[in-house]
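Shared chain: chain A. Partners: chain B in the first complex, chain C in the second.
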Partner chain A sequence: MNARRLWRWLLAILVAGWLPVILITWWWKSSATSDNPFFPPLEMIWEQFKLNWVFTNVPIHLVPSLENLFTGFAIAVVVGIGLGALIGTSAGAARYVEPIVDFFRSIPPVALVPVFILLLGLDSGMRIASISFAAAFPILISTIEGVRQTNAVLLDTATVFRLSPARLLWQVRLPNAMPVVFGGLQVGLQIAFIVTVASEYLGSGFGLGAFTLTATDTFNILDAWTGVLLLGLLGYVLSLVFDLVERASLGWYYGQKKLA
Partner chain B sequence: MTTPAISIRDVCMDYPSPEGVKHVLDGISYDVSDGHFVSIVGPSGVGKTTLLRLLTGLAQPTGGSIEVRGEKLSGSPKGLAVVLQDYTRSLMPWLTVEKNIALPLRSEKLSKSERKERIESSLAEVGLEGNQKSYPWQLSGGMQQRVSIARALAVRPSILVMDEPFASVDAQTRFDLEDLVLKVRDDFHITTIMVTHDIDEAVYLSDEVVVLYGKPAKVSEVVSIDLPFPRSQVETRNDHRFAALRTRIYEKVRGLEAPTQP
Partner chain C sequence: MPAVLRRIPAGVISTVVALIVWQIIGSVGPLAGDSFATATEAIAALVEFLGQSDFWTAVWQTLQMAIIGLLISVVIAVPLGFLIGLSRFSYRSTKFTFDFLKVIPPIVIIPIAILVIGPDVKMGVVLVVFANTFSMAIQTAYGVRDADPVLLETMRCYRMGLAKQIRYARLPSAAVQIGIALRLAISASLVVSVVAGLVGGAGGLGSLLALTQSSGNADETYAIILFLGIIGVAVSRLLVRTQRRVIFWSGK
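Let's turn to the complex of A and B:
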């Protein structure tokens, strides 16, 4: 029984890991003798990576980025779900609000950073505002949609059982909307990550975006590569954690789907 | 003469529709006696479910009035519970069985131990002890409908309203659930109103069967079911009076008073 589980784990790791292993090996070997300054050997990048990120630069560049990212995303979640729940619940509101929402979400998120700099200056408040503004829209839209499509039988049942409007929203409409909302959260997190890095390209000395851009501008190619690698790693870990949280929160949804 | 549990007085229901106003119900009057089991039958689309929505306070009649224990209905009254046909959509899939049953109890001021007791006794009543922690979708259709019934019972209703409650389960489960509903009615003295398209079921369960007919619908007949209680799936259904009642209601539902030859 236990051996079988172990075997399944190993198999899963093999299935997921074979391509990355091949690619990294290929990169390592093919770049080993490279004298192109823009494509240094992976071994050198790796040595530099350890110098930079274990853990010398972590408090200067990684921590501020993560702080901005999580603060901005958290604000986006609260505002997006809160407003979305209100708009989705009232039948008329969505029609009046939707054109505006569609307009703002159509602006490429990164393009708004300069506007926020004009309005808020160059401190981390501006970065957090840019992140939360851009990330709020997918969350807002999915919440409106999710809350609105609560099925009529569920609402009728709750009404006959005389649930108050607040409990109807909190205990029926919102939980029912969560599978749809999580779709928006995922897109929102990706956007938040992009804007975190982009917002550090301008007027910042700290953060992964600033680090990578400064390195590029000063032809510090090794540092630039380590920044890109760390960003890639970070994005991957974020989506992994997100999947875990989603699976845990929507256990009922996936369980039901598996049986259907 | 005691006050009826529910008094339907000259109720009309009109809907606006693209072709003008659609009259669904036209002057429905009927009293549901306290503790009675009443079935509402009629052809498809006659307005049974509309009437049921009015009785549960989910919609307001455009004419006439409905009184529950002498009080005019506005909104869903306290002490009324529902069981709907579509159990897969009327139970919350994200809540366990016990939390589903607890949901309507939150509106009442109960201590934690009282609430727990209500949940457990309701589950015991429907024969689902030990399933508290399951999710509804992990249970069979019949068991899910039992959970709906337990949820309805947990609020200690004086009136139970059911819309095609057994239409989505297999025949054997259906018999079991019918007998369960009869037991529940006896145990708690609940006035029960059921909408169904199954005439046999209506006869088997009811004290009275109300036949709706026509467009707009009127009460075409009220049939008193004088079969003895307790009823049994074998004996009651084989009673010759059962067959006679069924035939009479069937003809009313099909509008077959004077069959015409082509």
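Let's turn to the complex of A and C:
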């Protein structure tokens, strides 16, 4: 990296970074002498955070949450892309399925959790089922959409080369649908995270959400703050990782767009 | 397919088929029992709800949270985003912070909101404001920055002042983005106000749903889900249609 690029990079960090630094410093300073029970000094929250999450409670509360989140999301991805690819290849099928899918997508994802509690009780099975069910719909919709709008020239070329339907789907339609599918995956991951937290709030016991809401109910203010901070951080890290994965897997697409 | 059937819209046919499948699953199929409601049971419970004033009170509470929260977030976010968007420095220095806050789902702050505000309608309003403000401000700022550069250069050549730049270049491009942000925010506000009730006990349809589930009443639980889905579809259809008409110049 030459000096000029390094300089620019530093400047960008400075410009983006001064506001959060000021905000956190302000919070730290202004809460230092706080005697409001609900807004304890940030320093105390930070000490409690280290006590809770480096790394005493990580295996009990954080790991099960992440396990449910990723299992549920993985199921949603497989089912959403699989079904979406099948439905999307037939224009007729899509017309019949879309109103039903549209209905399920329009229900607030968290509102589905009570339905799964009635059916499955309060354990991990219920949590994973709610997560995968709610997260599958945006993925399904974007896959149908993406597979349907395959470039006509590509389809004609594939016909000329007499590609089998399976190869056509796997090698032409799906790769070309990927930029659209990723939009659905992003929404799906957000929903998976929200439903993970909600299923833990509603089905108490273990998990980061349950830890935080129990702390609230027992007026354990410091623990509640550490839980909320960790959950917020987790939400941000998830979206960050998703962006990186998207950029890495859609590199070819962005390259094409730049050329065009 | 007979010609008569072909004239019926696809959506009607698939809805009827879905209702029949739902009925079969719940009455003879794998999910028969008390913890699952069939289509007829859920619809009957919904019809009964529609005749009760308690149900409409809950609907009104949810709407109140959504509407008041939405109005407050528009009043905060649009002017804020507009100011931020006017200078490149302020846009770049707030983008990271707002992006960070934008991706944190409001459900995360519910435990603190319960402590500080208490489980009521006010808390729902705060959650809706938290959910909308940051993304709306970023979107508005983006719209202001997105103004046609050639138009801006031309105006500068003619020495037109900032006021004219805002009026003829910045406002029209910001309006497109504000429209998009508003559409997303309306749907999000409804969802968040239901969640505030369900998880945070803020009242409204969410709290009613929590109540029917915890008392094990499957019919009423499914009736509320059905209602939420129908309202959701209706609102999103209406929004897409309205947006096309209001921001006719953007082609989006």
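Going forward, the second predicted complex is superposed on the first by the 257 of 260 C-alpha atoms of A that agree within 3 Å, B and C clash if a C-alpha of one lies under 4 Å from a C-alpha of the other, contacts with A are read in each partner's own complex, and residues count from 1 in each chain.
Keep this in mind: contacts are C-beta pairs under 8 Å (C-beta built on N, C-alpha and C of every residue); 3 or more make two chains touch, one makes a residue touch a chain.
From a predicted model like this one, the values you see are computed outputs, not experimental measurements.
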item: Partner chain(s) touched by A:Trp9 [first = chain B, second = chain C, both, neither]; value: neither
item: Chain B versus chain C as contact partner of A:Gln190, first or second or both or neither; value: second
item: Which superposed partner A:Trp26 touches (first chain B, second chain C, both, neither); value: neither
item: Residues of chain A touched, compared between chain B and chain C (which is higher); value: C
item: Touched partner set for A:Trp170, first chain B, second chain C, both or neither; value: neither
item: Interfacial residue positions of chain B with respect to chain A in the complex; value: 53, 56-58, 75-76, 78, 80-82, 84, 86, 89-90, 92-95, 103-104, 106-107, 135, 137-138, 155, 161
item: Chain A to chain B touching residues, read off their complex; value: 151, 153-154, 156-164, 167, 171-172, 175-176, 178, 252-253, 255-256, 259
item: Touching residues on chain A, where the partner in the complex is chain C; value: 12, 15-20, 23, 38-39, 95-100, 102-115, 117-119, 190, 193-194, 197-198, 201-202, 212-213, 215-216, 219, 221, 224-225, 227-228, 231-232, 235-236, 239
item: Chain A partner contacts - residues on chain C that touch it in the complex; value: 10-11, 13-15, 18, 31, 35-36, 89, 92-97, 100, 103-105, 107-112, 114-116, 190-191, 194-195, 198-199, 206, 209-210, 212-213, 216, 218, 221-222, 224-225, 228-233, 235-236
